[in-house]
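Please find the structures below.
Note that chain A is present in both complexes that follow, paired respectively with chain B and with chain C.
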Partner chain A sequence: MNEDRRNLSPLLLRLGSVLAGLLAWHYAAEVLIKDSSILVSPLVVLSKAYEMMIATGELYPHLFASSVIFFYGFVMAILVGVPLGFLMALSPLVRDYVNPWMTTLYTAPRIAFAPVLLLWFGIGAGSKVAIVFLGCLFPVLINSYYGMRVVNREYVELARSYRLDRWALFRKILLPASVPYILAGVRLAIGRGLTGVAIAEWFGATEGLGYLIFFAGQTLNIPVLFVGVAVFAVLGILGFEIVRRVEIYTTPWRGQAQGG
Partner chain B sequence: MMMAGPVLELRNLNKDIPRPGREPFAIFNDINLSVREGEFVSVVGPSGCGKTTMLRVLNGLLPHSGGEILLDGKAADQVSDQLLMGFVFQGASLLPWRTSLKNVLLGLEGRGHNPQEAEQVAKKFLDLVGLNGFENHYPHELSGGMQQRVNLARALAVNPRILLMDEPFAALDAQTRSFMQLELLRIWAETKKTVIFVTHMIAEAVLLSDRVIVFSHRPGTIRSEFNIPLPRPRDMDIKSNPQFLDLENQIWKQIEQEVKAAGGFAQL
Partner chain C sequence: MTFFPVRKEITRGAISIFAGVALWEILARALLENELLIPPPSSVASTFWLLLTSGELNRHFATTATEFIYGFSAACLVGVVLGYLMGMYKWFDEIMDPWMAALYSIPVIALVPMIIIWFGIGIFSKIVVVFKITLVAIILNTAAGIKNLDPIWLELAQSMRLSSWQTTYKIRLPGALPFIITGMRLGVGRALLAVVVAELMASNAGLGYLLRDSSETWDSPKLFVTVILLAVIGLTSFNLIKRFEQRMAPWRQTAEWSADS
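Showing the complex of A and B:
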């Protein structure tokens, strides 16, 4: 009973917060600004979205193009970032080689790389995937590295006391202990990857959600612009939800401790 | 199988930590101890006297600096890859992503047991420590006392020659601690294990042990030994036995002297 009440109120708060935001938006558009070349009501955006998805279907090629770019960049970042992060945690040699590059590339603004990558990989999918890859790589890499480095010393000692060999130590202690950190990195990577998609498609693209937003902005098509932004937001929420489910599935032991 | 000699013998065992440009930092010195089959030996002493470090050396977690450790008469480093000593950690050290059963299985995995057999063994020891029905609980679903029970079951499951226990009840509240002491007495009586038990609670040492070893202040060495001839099985009533109180008092006086010799209570 008690738990129900505790679970109910955050949900209500969240719904209330979203509703309040939409209402404020609607009020600002319809009452305060009243200029559809600057801001339109969420209702207009919704009807535009309906039109683009159901009536004309013109949204889907853009959605598909962006999803493909995101998917490749994101998956490659995980395939490279997780093992490289582990290697850095386990080998000081690898760590010292990778560290300066990691710091430099991570802190540099990614948008600055876009023209260079475009030059190197051409205006096709290659450069876009590379931009997304760069965006997703570092949160995954850094978290995998960090997660394995901060594994509780007690667990490592336990492994030694029970004479686990190095492979068993990795598989039974270090890897499971790192999973929550890796997933936190993956979660960050989703946001950065979607940003990467938007950036990538602003440069010389002919389709994709980023292109859609960019083009709508240039032609002052405010409803379409907002549809593009909203689709990005929905993709982000969807991605977070998927990671949350993976988290529950892979780390059921975190139980109540999840928030802490 | 009964051995004629002691299960464990320590000869002039010492441990120090090298310091560059200075003389080594001595943790403990000249420990001579022999432990009989099935004996329950407690080690008490002032904080920082090296008693926990000695357990860690015995478990192979740390190397020793000199002297010998003999297990059944053989140098321990020659048999150290076998699980001759089970370690019960001060913090339960349970892996949070493993259930009770899987935590107990940790020491059995990769040792050539077939999985069903290993699981039978793990279940048997969970039963023994009173956790029947909690096999599939995760550590965060267990109380502190229950976590220590899993910790104990895990150490027993590998069938160690000697059970090393490092203040396993230190983090428990007083009531749970008393129950766990009685549980340990029961489990010890059932398994007939040889136990070396480190604690800072004198009453706990007297209640549980056949023999109490008192360490001096650092560098720790054996200051004295007390045989505890109190009858078994023991329960909490024994704590009001005059002989119990006398032993507790004698041991306390020695530790008090050691603390004073080390620079007084302010050092604690």
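Showing the complex of A and C:
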């Protein structure tokens, strides 16, 4: 029931919208505000991005530092989250005992734990990895749990009638059936991990994208601030896209994703 | 999919919490000499009482709550209208889409420094942060709800000769309600995180401020009070909105946890 009266092509509308937005931004920065400590034109941001990425390359050490932290936290979250989620799905005992702690940790704003983790692990890489880990853990864990819980009964019955043993049941039925859910969790974990990196690098970091943004904010360096924000956005989209491709490749039959 | 609290579950949960707290108390007292790293629950509790009676906690809590409520309700109003328009008109959807995608994919945290530069360190910048986070979640979900409406309902509206205004508030909005509430639920978790982040960065009141203040002064019991309080607030708001969701849209099955916040 869309009233598509104006028969413009969608691509044109999108392009027009982006262009109009950028023009308005440029106008606001150059004509209305004229204060480079509040807003700068997209052209200035673009030239700053060029400078940081190509001319001086000063972006890369930050990018690298953040990637390392993200990688460790993310991988650890998957290594812990998937088995723990499975365990909780398969054993009600484990689930009931772990559940209250997990729900509390999960629903609390993650940032609250950052100072505590800092206290425990120091201002080095340890606390940062821990913050990313905590951010990534729950989407992965919850989706692994959920995926295994909602495996179609008929598959399990089929396995029974073929007299598969428990390991084969897990390996052939339960595991593949939960893969789409796990991947959906991994996809969500990327976004939360990136947020985790930014949070982590606020506290006592000397490099990294979070530090870059934070420092630029403190010194009213708006072009760098915008570049940092844009890099985060690009990383988010990129990570999302990669997992989506993996999803299509590994699970052509596609399951329903959890959350949004 | 909610496994409703069977009695066995509650007992086990209670045992788990109780044992955990007892273990924490014993270990903290036996192994650690000072309270810096892990203060025992008893000293956290007494600090909590102290903060509560002195009215300090009250002040910070009220600030955060105010910021949250203003930002959240403004986002609900604006978000439903924009989401409705995006769901109804394809051209509006096309225009908004690139901007929504950009807003959606930028981590909140990255935007906070900019919002603070623009709107100052007072409560207004926090309201804006909450508004932005909640807005995206509500717009996207409202638009999805309007688009996914069962065409039969619209045919029904037509055969009843409902005016377009009547169709909107009798058919479209109630039909999209479960989606809107899902958007609100996702918004609550994110907004809570964002408001604390913003307060942590620059503010003079609020729970995020308390968090920073206590961690910078190495006041671990106070830090733990804040952390636990935030956890309780998160848990409570999550459960409230889940109840609300079940009441408003009981036909919709939701997982016991939503996998995002």
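Things to note:
In this section, the second predicted complex is superposed on the first by the 218 of 260 C-alpha atoms of A that agree within 3 Å, B and C clash if a C-alpha of one lies under 4 Å from a C-alpha of the other, contacts with A are read in each partner's own complex, and residues count from 1 in each chain.
By our rule, a contact is a pair of C-beta atoms (placed from the backbone, for glycine too) under 8 Å apart; a residue touches a chain by one contact, two chains touch by 3 or more.
Computed from a prediction, not measured in an experiment: that's the story for all the values here.
Touch counts on chain A: comparing chain C and chain B, the chain ahead is C.
Legend: residue contacts after superposition of the two complexes on their common chain; A:168 is shown touching chain B, with no touch to chain C. Legend: residue contacts after superposition of the two complexes on their common chain; A:79 is shown touching neither chain B nor chain C. With both structures placed on the common chain, the touch criterion links A:19 to neither chain B nor chain C.
Once chain A of one complex is fitted onto chain A of the other, the partner contacts of A:237 are limited to chain C, with no touch recorded for chain B. Once chain A of one complex is fitted onto chain A of the other, the partner contacts of A:158 are limited to chain B, with no touch recorded for chain C.
Once the two complexes are overlaid on chain A, none of the chain A residues touched by chain B in the first is touched by chain C in the second. Interface residues of chain A, counted against chain C in their complex, comprise 1-4, 6, 8, 10, 13-14, 16-18, 21, 37-39, 93, 96-101, 103-113, 115-116, 118-120, 138-139, 142-143, 146, 149-150, 184-185, 188, 191-192, 194-195, 198-199, 202, 210, 213-214, 216-218, 220, 222, 225-226, 228-229, 232-233, 236-237, 240, 258-260.
Those residues of chain B lying in contact with chain A across their complex are 59-61, 81, 83, 87, 89, 91, 93, 95-98, 106-107, 109-110, 138-141, 158. Residues 154-155, 157-158, 160-165, 168, 172-173, 176-177, 179, 251-257 of chain A are the ones that touch chain B when the two sit in their complex. Those residues of chain C whose C-beta lies close enough to touch chain A in the complex are 1, 8-9, 12-13, 15-17, 20, 36-37, 88-91, 94-99, 101-102, 105-114, 116-118, 140-141, 149, 151, 154, 182, 186, 189, 192-193, 196-197, 200-201, 208, 211-212, 214-215, 220, 223-224, 226-227, 230-231, 234-235, 237-238, 255, 257-261.
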